[in-house]
Amino acid sequence: MKNAIGRRRWAIAEGYLPGWSNGPEPELASHETCCILNATDETAHVTLWIYYEDREPVGPYEVEVAARRTKHLRFNELDDPEKIAKDTPYASVIESDVPIVVQHTRLDSRQAENALMTTMAFPA
Amino acid sequence: MKNAIGRRRWAIAEGYLPGWSNGPEPELASHETCCILNATDETAHVTLWIYYEDREPVGPYEVEVAARRTKHLRFNELDDPEKIAKDTPYASVIESDVPIVVQHTRLDSRQAENALMTTMAFPA
Amino acid sequence: MKNAIGRRRWAIAEGYLPGWSNGPEPELASHETCCILNATDETAHVTLWIYYEDREPVGPYEVEVAARRTKHLRFNELDDPEKIAKDTPYASVIESDVPIVVQHTRLDSRQAENALMTTMAFPA
Amino acid sequence: MKNAIGRRRWAIAEGYLPGWSNGPEPELASHETCCILNATDETAHVTLWIYYEDREPVGPYEVEVAARRTKHLRFNELDDPEKIAKDTPYASVIESDVPIVVQHTRLDSRQAENALMTTMAFPA
C-alpha cells in the first residue's frame, strides 16, 4: 500500500441528475456518483463546489473520507447547503487536503433499461 | 473556489450525431454534449473547430461561458458557420482565452433504450 | 513495438460488482474488468489492493502478465486472499514492477439490456 | 486552427469485438472504433499493433490520416496482416509520425438495445 496517490484538486465538467427512474431502488435509481479514493494514512477533508449555467456556484459541501478508504458519494444525496436540482446541468470542483483520486459515474434508468457512463475526473 | 482550473486547449477525437432518436424530446433526443466548466473569474471566449474525414475543418464556432459558470453545449445546436451533419464522423478542437475544463458526452436513443458514454477531453 | 509504455502505479476510484445478471454466461454476466497491457519485454508482476468504505484494504492480489501480452482481469474472479463482495462499493490500486497500461470497464446486465462503461485508470 | 495537438504514441488496454449484433447494419453493428484526429498540416502515417492474451503481438497495421482530418477507424475492418478475432480480448498501441489524438469507443448491440462506452486512449 502506497501513500500520496492522486491529486488535491479535481474537476468534473459534466453533471446532470436525471429527473426520473425506472427500476428497483436504490440500486437502479438514476444517480450520479463521485467516487473518491483516499489511499493515504490521513483523513481527507473534501470540499465540493457545484457550478451552474445561470447562477453563482453553491458550496462548500463538506465530506470526510477516512484514511485507506473509498467513498462513493451520490450527488443526489448532497443537501448542505442545498440539494442539487434535477434535470439541471451542473459541474463540480472537488478539493482535498490530502491527495485523492476522483472518478465520475452516472447510472441513468429513465428508460426501461439502464445506461452507464464513467470517466476519471480532471486532475486540476 | 479556485481560479485557473483547467487548460486553454482541448481535443475530442470522437464525434457522431446519431441520425435518429427514440424517446421524449428534448431530454432523450440523441445528442452529443461538450460540457465546459469555467471556474475562473473572467468570461471565457471559446472557439470550436470541427474536423471531418473528407473535407477541410469548419469553424470557428464561437461560444461564451461566463465567469464561474458551466455550459453544456449540444453539438447539435451549433449552426454558425453551419450545422454539423448527422451520421457523419467528426472530431473537435476547443480553445479558450482562459483555462476551462472540457468533457464529452453522447446520449444515443436510436434504439428503444438509451445508451450513454462520456470522457474527459484531451488537454492538448 | 516499443517498450516502456505506461506507468508502474494506477488507481481506479470506482468499483462495484452488480449483484445479478441477465443474459447468456459468461459473455453477458455482469462484471468489472481491469484490462492490463504489458508492452514491455519482461513479465509484469502486478499487485492489486482493494479499498472499501468501511474496513481496511484487502490484498495483495497477485497477477502476472507476460511480456508483450494483455490480460483482461475480471475483478469477480479474484479470490486470494478473498473474493470481492457483490453490491459493495470498492476502489483499487494496481502496481507493477514494469510499466503497464490499465483500463477499467464494467458490463452491467442487471436489467434485460446490458450497459457498458469504461475509462483509463489514473496513472498515479 | 493549431498544429501539434496530441502525442505520437497512444495505448488502449481494453479491446473486444462482440461476437454478434442486433440492429440495422452498419450503424448498429457491434463494433470498436479507434478515433484519430490529425490536426497538423501533414499526413499522419499511423501504425497499430494488436496485443493478445496468449500469443505474440500482430502488426504493423498501417493507416494514413490526411492533414486536418479525422479518421474513425473500425477495428473490425483491419485485415492486413490479419483480421482481429471476435470474442477475443486484445489491446492496442497506436504510433504516428506526427502528433495525433486517439479515442476509443465500443458500440455493443448483442442484446436488443445497444450499449456505448468511450475513453481517451492513454498518451504513452
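Each chain carries a letter (A, B, C and D) given by its place in the written order, and its residues are counted from 1.
Note that in this section a residue touches a chain if its C-beta (ideal position, glycine included) is under 8 Å from a C-beta of that chain, and two chains touch if they have at least 3 such contacts.
Quick caveat, the model's predicted, so the values are computed rather than measured.
Although chain A and chain C carry the same sequence, what matters here is overlap: shared residue numbers make up under half of all numbers found at their interface. When chain centres are defined as mean Cα coordinates, B lies farthest from chain C.
In this assembly, the C-alpha centroid of chain B lies 21 Å from the C-alpha centroid of chain D. Note on chain placement: the centre of chain B and the centre of chain C lie 30 Å apart, centres being C-alpha means.
Touching two or more other chains at once are residues 112-113, 115-120 of chain B. The residues of chain C lying in touch with chain D in their complex are 1-2, 5-6, 23, 27-28, 33, 35-37, 39, 68-72, 101-103, 105, 107, 109, 112-120, 123. Taken in their complex, chain B has these residues touching chain D: 9, 11-16, 18-19, 49, 51-54, 56-57, 59, 87, 89-91, 93, 95, 104, 106, 108, 110-113, 115-122, 124.
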